[in-house]
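Report on the following structure.
For reference, chains read A, B, C, D, E and F in written order, and residue numbers begin at 1 within each chain.
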Amino acid sequence: MYSVSVRHHAFIAHSLKRDVFGPARKLHGITLIVDAEFRAAALDENNTVMDVVHASRALKEALAEYHYRNLDEIPALACEITTMEFLARRIHERVAAGVASRFKGFLKITARESPEAWASYEGEVPAKRAPKPKRA
Amino acid sequence: MYSVSVRHHAFIAHSLKRDVFGPARKLHGITLIVDAEFRAAALDENNTVMDVVHASRALKEALAEYHYRNLDEIPALACEITTMEFLARRIHERVAAGVASRFKGFLKITARESPEAWASYEGEVPAKRAPKPKRA
Amino acid sequence: MYSVSVRHHAFIAHSLKRDVFGPARKLHGITLIVDAEFRAAALDENNTVMDVVHASRALKEALAEYHYRNLDEIPALACEITTMEFLARRIHERVAAGVASRFKGFLKITARESPEAWASYEGEVPAKRAPKPKRA
Amino acid sequence: MYSVSVRHHAFIAHSLKRDVFGPARKLHGITLIVDAEFRAAALDENNTVMDVVHASRALKEALAEYHYRNLDEIPALACEITTMEFLARRIHERVAAGVASRFKGFLKITARESPEAWASYEGEVPAKRAPKPKRA
Amino acid sequence: MYSVSVRHHAFIAHSLKRDVFGPARKLHGITLIVDAEFRAAALDENNTVMDVVHASRALKEALAEYHYRNLDEIPALACEITTMEFLARRIHERVAAGVASRFKGFLKITARESPEAWASYEGEVPAKRAPKPKRA
Amino acid sequence: MYSVSVRHHAFIAHSLKRDVFGPARKLHGITLIVDAEFRAAALDENNTVMDVVHASRALKEALAEYHYRNLDEIPALACEITTMEFLARRIHERVAAGVASRFKGFLKITARESPEAWASYEGEVPAKRAPKPKRA
């Protein structure tokens, strides 16, 4: 099994509006350092899992919607609890969409908020669909 | 698959009393930088694998028994060869016990002694038991 | 010359309200990783520049006012342009006040917003005063 | 599952002679920071996956052929596209050969060219062979 | 005293053609991770030592001439011994020229070839000139 | 001003036998990551502050006396309070002695016990002597 990984970051503000989150309920911010790891069983004709320049660009574009933003003001996120785990999943969806024409395999997104805490989401690209229900 | 990870460290002294360990047979010490990664297939109602504050506290408490200690003088460890791999396993047991009421899933402990060497242990929480033997 | 240094971080939101700052004019957030370096020409009777536990606590307390906060909503900062350089200076003042009874010497604060950008402020503790003007 | 990991680096020059690689087609160089992770289901009688000194030496020896070299001038590589993924695979083969008498299990090689891009290859040691085809 | 710092990297090949350099006499390559630290006694009207975007761009442009290049083939460097110290000095000159219209103060360039070795050059921007020789 | 820096580490046990040090009074251990920075106003004929291989060896040799040791059992240290600051000073003396025939200038030693705490000592090589007292 092979992989190639790239890293970018985004400067985001957000609040986690549940009592369980204590001080994180207040509006605050983090530097989210994000790794995207692309895995495949074999290399292509260029000896790559995926061109690293495209991989890097796909991650940067996926983060662009969040970079320098207050997530509480992004309509698609306003009703969500934007934990690191949730953000890793959303970034996974966005990177997966961005590379869909070039990459089939496994993608892992790791999102770090500090040197002491991080989260990840991993899954296939494209996502495996549940089998279509048969018509009656 | 999701994960959340936390990091703490402990200042430990120990010796590895077998000829194979060369200079490490002598009493010496290391800063053990330890990551605990909690993995689960789905998020809870707060969009977390596990509350990161509880995860961090569980790791800190697991390390407290070793922090600022000479492992050779801890009765439960005195007869053990306290390699990084062994310590990763013991810390795994202690963290697993600490989060057992809150977390079911996979836990990986990574223990680093320097920027050039580290070890890990991973396994399920709670540990899978062997099936009970049937009575005759 | 000796020094001792400690590190903590704070999760802050803010906006830089001048056209020159481009996308940073919008409300966003950063993980501010902050180092405090205390320098002195000689060690005390314990062979320390300053007790590292006190140094660490002083930095943590200085950051507590900013941690998990939106700086735009802190009255003392609301009219300020809270660049990294400015924050380094403010944190310097707060750490200096926190250690004033224990430490005389040079203090340098370094504040990092990402692996690619950081700022610092350094100056004496206590600050050198301008000579009192003579009365006429 | 246990693991032990070691790190070394090599200073290499190379060129990636395909149009798709853009500026990397020209002769340039990288510091390749390489991790070797050895995994096994159980520890040996010394509580190790593998002696960390042997693991470190095996990685260092595997890198010695590339360290301070221009890969374009190494006959075995001259016709290859020496991407990070490819190099991870080659280093895997060399480390696997170096530890074959001591280690059975899984080996993962991670090769980093910058803080923002890295690649890996993982597989069994010794490599699983395909079953011999039956003669007709 | 204030400072602001930025980081970029360049992938370079080179050789150090003197016997004293041992294996580094051969053509090899490094990832040169470069920090530019700009220092000034006071902040400007935007509370910055220098706009961090301009600082970052100035460093990136200074490195562009070396990125993805074999220094042995750059005419201006072909007769030079391109040690880290020398490169730090050259990059200093280039960054200083790039920011001359915006920044007066002290500039320090740090160039890292591995996690275990780095070098720096620091000096004023613009460079202090020697006093003009008096005519006879 | 130029500099060149190298890094090594040592695995040490020790105890700080004063009440002020709290839990550190007990025998424990740390990975001491040590940087040696050599500074000089000009480069030599090889465009170096000092040969980086010699610098690295000098640091490694200076640490060898402490590596894999319990400092409490080293006679020269047994009566000392071996704080990071003190160790930085002792390592400075040892490195300075090791390079005395090759290097004149400024040397700074930085000793890190964790990602959150470190200390340094800097001074001239060779040390400036106080003027000899005149005989009566």
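Just so it is clear, contacts are C-beta pairs under 8 Å (C-beta built on N, C-alpha and C of every residue); 3 or more make two chains touch, one makes a residue touch a chain.
Bear in mind the structure is a predicted one, so any value in this text is a computation, not a measurement.
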| item | value |
| --- | --- |
| Graph separation of chain A and chain F (steps between touching chains) | 2 |
| Partner chains that chain C and chain F have in common | E |
| Superposition rotation for chain D onto chain F, Cα-based, multiple of 5° | 180 |
| Interface numbering overlap (same over half, different under half) for chain A and chain C | same |
| Distance from chain E to chain A - Cα centre to Cα centre, in angstrom | 35 |
| Chain E and chain F: spacing of chain centres that average the CA atoms, whole Å | 28 |
| CA centroid of chain D to CA centroid of chain E, Å | 33 |
| Chain F, residues touching no fewer than two other chains | 115 |
| Chain contact topology (line, ring, star, complete or other) | other |
| Which pairs of chains touch, using the document's own definition | A-B, A-C, A-D, B-D, B-F, C-E, C-F, D-E, E-F |
| Interfacial residue positions of chain A with respect to chain C in the complex | 9, 11-14, 23-24, 26-31, 33, 67-70, 73, 113-115 |
| Touching residues (chain side chain E, partner chain C) in the complex | 1-8, 43, 46-49, 51-53, 56 |
| Interfacial residue positions of chain B with respect to chain D in the complex | 18, 20-22, 80-86, 88-89, 115-123 |
